[in-house]
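First subunit A sits with subunit B, and in the next complex the same chain sits with subunit C.
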Partner chain A sequence: MIATLLAQAPQLPFEAPVVDFHALAPQIVLVAFVAVILVVDVIKLEDAKRFIPGLTGLAMLASLVPVISLALHGADRSLFGGAFVVDNVSLVLQAMFLLAGYVVTLLSSNYLAEGDFWESEFYLMLLSSMLGMVVMCSARDLVTIFVALELLSIPAYLMASWEKRNLRSNEAGLKYYLMGVFASALMLYGMSLLFGITGSTLLTEIGASIAEAESSTPIVTLAIVLVVVGFGFKVSAVPFHTWAPDTYEGAPTPVTAFLAVASKAAGFVALVQLVFVGFLGRTDVVEPLMWALAAASMTVGNLIALRQTNVVRLLAYSGIAQAGFMLAPFAVSATNAADALTAVVSYLLIYAAMNLGAFAVVIAVSRKTQSGEISSMGGLFGYAPGLTVAMTICLASLAGIPPLGGWFAKFVVFRALTAADTPAGYVLAIVVALNSVIAFYYYGLVLKAMWFSPEPHGDSTPIKVPVSLVSALAITIAATVLFGVFPGLIGHFTGNLGGLLSFAGG
Partner chain B sequence: MWLNQFLLLGALLFCIGVYGVLARRNGVMVLMSIELLLNAVNLNFIAFGAYHGTPVGQVFALFVIGVAAAEVGVGLAIVLLIYRNRSSIDLESVDLLKG
Partner chain C sequence: MKDFLNDWGITAMVFLPLVGAVVMMLIPKAEEELHKTLALVTSLGVAVIGALLALNFDWDKSAELQFVVDKSWIEVIKARFTVGVDGIAMPLILLTLLVVPLVIIYSWNHFPDPVNPKAFLILILVLDTGMLGSFVAQDLILFFVFFEIVLLPMYFMIGVWGGEERQYASIKFFLYTLFGSALMIVSFLALFFVAGAQTFNMTELAALVQSSEVARTTQILIFGGMFIGFGIKVPMFPFHTWLPDAHTQAPTQGSVILAAVLLKLGTYGFVRIALPILPDGARWWAPIIGGLACVGIIYGALACLAQTDMKRLIAFSSVAHMGYVMLGIATLTDFGINAAIFGMVAHGLITGMLFFVAGSLKERFHTLEISRLGGLLKQAPHMGWVLGFTAMASLGLPGLAGFWGEFPAILSAYNPAPGLSVGLFRFYMFVAALGTVLAAGYLLWLYQRTAFGSPKDEFAHEHVHDVGTAEWIAWLPMLVLIVLLGFLPVIIFGMTSDAVEVLAQALAG
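Up next, the complex of A and B:
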């Protein structure tokens, strides 16, 4: 029996795929570290706790090495029949995710060690989620995008409810889970329709087919809307934002930083690939949809942020508004594709730096105040001038004051919108400008409390900031300032992204 | 011709699932509605795969089944956590965070 099977084996029509291990190296390194940390945790138990944050940070940095070597090598690589592509866009974003993951590890280590948390498992979840994000950067196929999305989301649901005995953390996890799963179901239904229309799951082939499918406009529209809505939840765009403030407030603050930066960026990465590779032929559907999402997110996010008293909730609504700014270039994704792509990627890089910086300060301050209220930050300049200056830089950058990174990010979005030279682009540019002005007010409220208000309890003992938080702050503040002072630096990373568009056939 | 019946069944199941997620208050019932949503999608994938004569639809459905198991596992863990802390899985009563 077995002999006959073996005799037939050479005739079976199976060809082992040629795997380019260099292109997969960042993912392989992360998987290897996940395995190592799991084993170390199982063998050493309590003793291992000291090493695991370091190992996690090392995993992120080690994974960055093949990303850099791939970037130096330069050539675009396509694996598995085009389902997994390594090009400039994916490398820049992978580097961003790995550095953001490193900063989140730095933010988490003291927070977890001092609170009543399960530690080692947390870093496993963080690394698994990071693996999903790094895969997402290269995914050019519906199946790969779906698996990457779930790989990054499922650990994040658990991380949001990590504080097991805290009812608020439970609630944060529950809301995030229900909204996330519902959104991925909607997205999957849209993907099934796309597959039905085109007969393929490859984004390039979908792009080629739906551009011609004139006869089936309603079903194409439904499919695109469902997929975009699915990711709209992920990036917390209005009207799918309701989970974000609750989850951000209830979850442990380092997890909030992770969700607000890395998880949101992953949603944008998926949108970039879907829109610029898959849907570019159907801009009659994508552009108005994105226009509405962007305008609603900016306006609603900013207006609700005006009346927040909790700084984490304020950052949540500010994050919704920032998502609107990042969605805006998608509204001119066909008329001005190259500029729009550069604007989204540049904004993502700068947003990651400045928002992580703001969360690092919030975590450092709440070590003393044990509170997230804006009033509790009163008088901060008196006893923690360094943190006050750091927070001022981050919030000024989020508001878009030159010469900080956020200013340049808003500038490229504005340029992409106006260079499209369409009425819709100009109107959205005006909405962006108005919303930038509204945002000054609530960022200003936080700054006013820190610089001018008295300390509410008269307790002005200095804050002990651990080394890991100082390093996290140093990295994020340096990136925020450098990207603003030398905008050419970010252009160096995002100036040559056209390779992605060439996949879409122009 | 036969494609329509599968798609209609899929759409019907999806609508029941959406109703369940939005209207049910019991945590476990919501998780079951989520299963309905995902299985409606599987039905679509398999029907379209057979229609186009490609195995890709079945492959995608297998991935969805695998991921759905992981998702519902995590969901049950979170609902169990809520039950242990509050002795109730009524989702309407989980409303500490708002504003």
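Up next, the complex of A and C:
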């Protein structure tokens, strides 16, 4: 039976695919470091703890080297029949993920060493998740996207529940896991429909196929909605955001920073590729859907954030609102593709810097206060002026106040929306404008506590900030301020992303 | 020298305060004297550069931008670092250059609680950069950035060094202004795309809107966004409610800067951006602006009559005075706009002075409840006379600066620009004239209750210090200028008239 089947198979000679190792080098470096860390951990056991954070940081920086060399080399590269593409979008985002990962490593090292945590395994998880993200940047195929997504999510589920004897942390991990699996299932269902209709898993082919007239069937609509909804969970867009606040609050704070920045960004990267390469032919579905998700996320996220008393939960809801701002350009993704793409990518880069900075301050302050309540930050200006100024910069940037990075992020979103010159675009621009005002109120609550309120327990001993946190703060604050004063830097990276769109056009 | 000023003058003037602030950040907090000296030297340095610019300014060509610097800034969105000064901006820049050092001198031994001169002075210097930058910016995005830079320092100044209700007042100030600027940036962008522009340069945008004939309805809508943005900052009725709270709670220095310069950012925005770029929108909105200005004049005056707190009363008088400025602008004539710019400078000097006096009174009596004050002329005669003099200036007494802001503004409403309803504006003129009577009423009544009579029992036996040295140094230049501008209004009118004439011609279509 099998023999007959095999006999029917076309007798083609086996051809080894040509692999461009330079294009894969960032991923290969990360895999190599994962292996090294695993071995070091197995051989040195307890002694390994001293090396592993350093090795992890080194891994992130080492795989930046091929990213830079690829960027200098310039030409776009396409591997595996177009399933894996290295272009400007991919490189800029890879660099962002690796730097964000480096900062998360800096945030984690003292936190883990001083708490009751498994250490070496944590970094292994972090690196594996990072590998998933770096693959995601180049994935232009449904299967590759899905594999990358699972590779980055599964370690994150574990990391969220890393504080083993803490019920909140367990709850965080479990909620995140269940919601994540549910979202994956929805997304897979949508992907299977897409494959069924178009007969391909390559985004470019899907794009070409659904752009044709007869493809405007309800099935295609359903498939797109399901896939977008699946990623809606990942980026914590309303109404799929319910896991985020509990997970953020319960998870160890460095992990929260990782989820809020890197993991969310990975969801956006996938959306960018799906929408701008795959779904541009069906703007009648994508634009209204994204419009609704964006408006709902920023409004609901902001309104709930107003009532928060815990700074991590507040950042969680602010993250939901920020996701809304980042989704907004998708609502004009077809009418104004180039600007929308630039807006999303620029926002991601700036958001990563300012949000990681805010988490770094929260981690530094809670070393002393052992609390995440906003009130516990009272009087910070009195005993830790440096941290206060750093937090002020991050929050003001999140609120979009010039001359800090966040203003340019909001500005490119406004620009994408108004340049589309459609009524829907203008209305959404005004919704964004109103929401950025609401947002300042709750960022203002934290500022108020730090600057205006007295220290709640009258304890004004200064905070000892370890070197790793200082470096994390230095990197993020410098990036936030530089991006704001010289937005040209961002423009330099994100001004030339047309390569991605040319796939869509072709 | 001239070359340096041409290439670097404005940039140096705008960013020198920031350099001073960074240097001060690196010096430990305990070195208070050093901080004060550094801040003063920086602000004087800025004033010297500004004075050199003014001396080298070619007054025969005051309608043109001078000392223009046009450098690439954010390529990707076509925003450029474009700065320049013309006759409209010059008086306001000089006002800022004067007020900031005076505020620092006044602060010398008047730091409000919690003292911390380092942080306080750093905030003032950052404010200085933001204010000067807004007045020189010739690119919409650059203007927006400077306009926003002002917010945070003021927020902290009110919130940290303010009075009892400071937290409420500071967040209210911030949210109101942020709301306005969010709509403002959307309208800037809408303008950019509707006009199909390749630049945010104000002059080029104005020319482009003229030539491309952007539809009137579109102009009206975009002007509406700017109207809310600038109107909140002015503040115009009904967006004024943040002002009394912010002024009352702010420390004296904050009130002075707020009244003298920050409010002018709003009116300056109208004159510099909204009117020249969107003349059709301006003509549609002018009757509405004029109407709201008149409501503001009467409402502000009536509210003043009802106040029991001196600082709050001065704050409401600001609403009324800015109403005259807006009325002048709303006529869209060169007469009215000249009067408006004069009004901005005069209001800056006079109301700034009133807040200085109020601050000094508060420091001596620990209250500004009008019913508890009295007999100031007996207890501290010099301060009593200064208060009286400033109140007279504020009510628009001829011979003092206040007169030249109000009277021509009222007069200009008699003959508004062609296309505007003459009857309506003459009605506005009548209402505004009525406002001057009310202004005399509340100011004289205030003066009578605080300065005349004998001190109330609770303060009768206290020794009250009269005006101190630092106060004299800070106040004299302002008092002298109030008289000087009152006798020689041509100083300001001479600076502005050419530039305003060009603007008015564009508005006349």
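A few notes on this one:
The rule is simple: the second predicted complex is superposed on the first by the 490 of 506 C-alpha atoms of A that agree within 3 Å, B and C clash if a C-alpha of one lies under 4 Å from a C-alpha of the other, contacts with A are read in each partner's own complex, and residues count from 1 in each chain.
The working rule: a residue touches a chain if its C-beta (ideal position, glycine included) is under 8 Å from a C-beta of that chain, and two chains touch if they have at least 3 such contacts.
Every value quoted in this text rests on a predicted model; they were computed, and no experiment measured them.
With both structures placed on the common chain, the touch criterion links A:174 to subunit B but leaves subunit C unconnected.
Once chain A of one complex is fitted onto chain A of the other, the partner contacts of A:250 are limited to subunit B, with no touch recorded for subunit C. In the superposed model, A:407 makes contact with subunit C only, not with subunit B.
When the shared chain is aligned, no partner comes close enough to touch A:33: not subunit B, not subunit C.
In the superposed model, A:396 lies in contact with subunit C only, and not with subunit B. When the two structures are aligned on the shared chain, A:122 is found in touch with neither subunit B nor subunit C. By the touch criterion defined above, A:147 lies against subunit B but remains apart from subunit C after alignment on the C-alpha atoms of chain A.
Counting contacts by the rule stated earlier, no residue of subunit A appears in both its interface with subunit B and its interface with subunit C. Contact residues of subunit B toward subunit A in the complex are 7, 10, 14, 17, 21, 27, 30, 34, 37-38, 40-41, 44-45, 47-49, 51-52, 54, 56-57, 59-60, 63-64, 67, 70-71, 74-75, 77-79, 81-82, 85-86, 91, 94-99. Residues of subunit A that touch subunit B in their complex: 142-143, 146-147, 150, 154, 157-158, 161, 164-165, 167-168, 170-175, 177-178, 181-182, 184-185, 188-189, 191-193, 195-196, 199-201, 245-246, 249-250, 308, 310, 313.
Against subunit A, in their complex, subunit C makes its touches with residues 72-77, 119, 141, 144-145, 148-149, 151-152, 155-156, 159-160, 166-167, 170-171, 174-175, 178-179, 182-183, 185-186, 189-190, 192-194. Per the touch definition, subunit A reaches subunit C in the complex via residues 342, 381, 385, 392, 396, 399, 401-403, 407-408, 411-412, 414-415, 418-419, 421, 426, 429-430, 433-434, 436-437, 440-441, 444, 447-448, 451-452, 486-488, 490-492, 494-495.
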